[in-house]
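What follows is a pair of complexes built around chain A, which joins chain B in one and chain C in the other.
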Partner chain A sequence: MFNYNFRWNQAFNSLPQMLEGALVTIEIAVLSMMIGITVAITLTVFRLSGNRFLSAIATTWVEIARNTPALFQIYMVHFGLGGFGIHLSPYMSLLIGIAFNNAGYLAENFRGALKAIPDTQTRAARSLGMSSGQAFTNVVMPQMLRIAFLPMTNQMVWAILMTSLGAVVAMNTDLYGVTSELNARSFRTFELFAIAAVIFYLLTKAITLSARLLAARLFRY
Partner chain B sequence: MIEIENVRKSFGPLEVLKGINLTVPRGEVLTVIGGSGSGKSTLLTCINGLEPIDSGKILVDGIEVHAKSTDLNKLRQKIGIVFQQWNAFPHLTVLENVMLAQVKVLKRSKAEAGAEAEKQLKHVGLGDKLSVYPSRLSGGQQQRMAIARALAMSPDYMLFDEVTSALDPQLVGEVLDTLRMLASEGMTMICVTHEMKFAREVSDRVAFFHKGVMAEIAPPEELFDAPKDPELRQFLAATH
Partner chain C sequence: MFDTALTVNDLILLAKGAGMTLLVTAISVFFGTILGIVFGVVRYQIGPWWAAPMTFVLDIFRSIPLLIQLVLANAFLTAVLKLKMSGFAVACGVLSLYTAAYCAEIVRGGIESVPLTLRRAARSLGMSWGQDMRNIVLPLATRVALPSWIGLALGVMKDSALVYIVQVVELLKSTQILITRLQEPLFLLMICGMFYFVISFPIARFGGYLEKRWSND
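Moving on, here comes the complex of A and B:
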């Protein structure tokens, strides 16, 4: 039964390629977070605007992003849009799919964070002559981002792990994609995926740790 | 000059201001006293346009506060307001709290705003707290910071809405001292307060509000020593 011979050396020889894949994974996760945060702030402003149409856009986005599998979301970006003649590379489809997911979850986190900020903060800002936009940008948003910092870190971890869903759109340059291709050639399945898993683990740990250090620097109040 | 003409205001079925007429000339210190729900705090938030009014009008230096064409953000630069809850911006240091609106609204340079902030903070006795975050300040200190933050906008009028009501008793004195100082410097002020002794000392006139009506207005010695309105007599008896 267990007559599998481990060949770690062979797998470790592929480490440089896998690390290159890890860089692509980090790149996609970071970009998807940057896009995700920007869109989530926009969706939050839409929800606060009191405009029904904008509010409906935001709600629909959040509902779809949070209540359908991320895998479907990425698949739809690639093959769904393909049906309308919009053909995106696997890289772009994966990036946009994850960013879509991030934005939905983050917008919901931001909404929760806003509830923790008293209305009187806005009132105080407005009474000093600030416009509602200035009050939001300078007084409310910084506090919102602080309260939502931990959920944002979690989402960043998710973004790293979600890159492996690139499998459905034939993405082959990220950590999962590279590992999968190496496996197809060498069949050192256990060794290769064990190494990839360790790299994923180290990446997410590094994110959690640097987020903690960053928080200590940013939030001294 | 602040001119309030027949102002009415309701929250749902409850009419909180029932036709208020009042003129506050420059340089006057007016205190407003009265029980809770008398409409006195609402009047302040109407004066700087934070609350809409149902009818009547409020003019500040001839500008109608609630006219559609009025640029409220600009008008509010003339009118500083400090609330019962001091609302320090927790993510900014004391200095930054006082600088923010100067930079964003008055478009002052950071150097200019910083210098003005430092001046105002020293003025209210917080010169040694510039780089501290508000969470490290006592309530009285936070309230003084809020006063400095409003003063840094170089307002022509200051409105104080029960600024000592949320403070521990031993911290009330330092905030009242700050108000006394402003009054002695000639700032035009409307103070809603429960501090009768303070009202008697600093006011040019005291107004008594009762159930949305300004029941009496007079210089302090007259209002406190010879109150005419029966409700005022009752109110003073209860607070003494």
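Moving on, here comes the complex of A and C:
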């Protein structure tokens, strides 16, 4: 059955390069999450603002991000924006694409979290003399982020997995890109991608675990 | 933008791509759901300890990028085992297991949402395990699980864009082919995006509606 010569040594020799790629993957995921959370909070504020135009922007963003493939979004950033004369590097396209997707999903999570926070809190804060901005940033937002912590962790895992989609814009420095470039040279497809899969698995486990530890520390009452 | 070199043949290519996307999705969701229900029920029945190996394997499908799963499965089946398998078969197989991994989680959540007292009452009325599952658990668990399952099915449709890696020409790949030839990325991508959106958006809305209607408040 196995008349295939596994050459694990050859694949393991390129482990340092792949680990460097893993660092880029983490970097993109973290940056895209930071951008995503910031934008998602902005979109949530847009939705709460009561301004028709602003909430239309937020709704459009969320619906497009949630109803089209992430691969399509990254492709659109890279090649679609090219139609407007904006040419981005693969790194930037991937980062913006993932951040766009993150923002859409997170904004929806935040909306769900907001439902769990009673209106009376805002009213109490306002009657204490806070402005509506202060009431949001000091009273509502901290609770919203706390309730949405678990979905945010999931989104972070998704961001890690989504970096592999950089393949479509010829990204070659992240874990997937490095692996497929090594593969193009040596054709040890199975060995190389098996190692990449293990690295991805460990990355996602590390994130889930550290998020759980962080939650235990941050959210004890 | 309206002055395009797009011909009828190109539109047919796009339509074929869209058909392929829907076909892959339908097959994967169908088999994935059946497998997912089996895995979910078995996992629930044998308890967390005995199910640990199964949980571990299913978790792998959710912790590794789908793109890598596809490449690995393709390399393993065609290069290592030297099987003659089409990219289409590999894509459907991987996507089915991927769907099953998520579906098992949804099914377990659905079963756990049925109060245990209700099931004990059913059993003490003389219902068999099968009757309890069919008449008590199924209707109640469906209410909890169906909205998530709709979300999953739509997710699989969106993720099926990745099967281009095993040489399956689905919607995004056929768009890509046309972009290379016509050099009108924005226009073509708009068509492609619209297609995904038009299918996904109403169904997602319907799922949200069901979720709201069926929630216990």
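Quick notes on this structure:
Basically, the second predicted complex is superposed on the first by the 219 of 221 C-alpha atoms of A that agree within 3 Å, B and C clash if a C-alpha of one lies under 4 Å from a C-alpha of the other, contacts with A are read in each partner's own complex, and residues count from 1 in each chain.
The working rule: a contact is a pair of C-beta atoms (placed from the backbone, for glycine too) under 8 Å apart; a residue touches a chain by one contact, two chains touch by 3 or more.
Predicted model, so just to flag it, every value in this text is computed and none were measured.
In the superposed model, A:12 lies in contact with neither chain B nor chain C.
Once the two complexes are overlaid on the shared chain, A:142 sits against chain B while remaining clear of chain C. Of the two partner chains placed by the overlay, only chain B lies in contact with A:220; chain C stays clear of it.
Of the two partner chains placed by the overlay, only chain C lies in contact with A:76; chain B stays clear of it.
If you count the residues of chain A touched by chain B and by chain C, you find the higher number for C. In the superposed model, A:66 lies in contact with chain C only, and not with chain B. After overlaying the two complexes on the shared chain, residue contacts for A:131 are found with chain B alone; chain C is out of touch. Counting contacts as defined above, no chain A residue meets chain B in one complex and chain C in the other.
Residues 118, 120-121, 123-131, 134, 138-139, 142-143, 146, 219-221 of chain A touch chain B in their complex.
Those residues of chain B lying in contact with chain A across their complex are 48, 50, 73-74, 76-77, 80-81, 83, 85, 87, 89-92, 100-101, 104-106, 133-135, 146, 149-150, 153. On the chain C side of its complex with chain A, the touching residues are 60, 63-69, 71-72, 75-76, 79-82, 154, 158-159, 161-162, 165, 172, 176, 179, 184-187, 189, 192-193, 196-197, 200-201, 204.
Of all residues in chain A, those touching chain C in their complex are 1-4, 63-64, 66-72, 75-76, 79-80, 82-84, 157, 161-165, 167, 176, 189-190, 193-194, 196-197, 200-201, 204-205.
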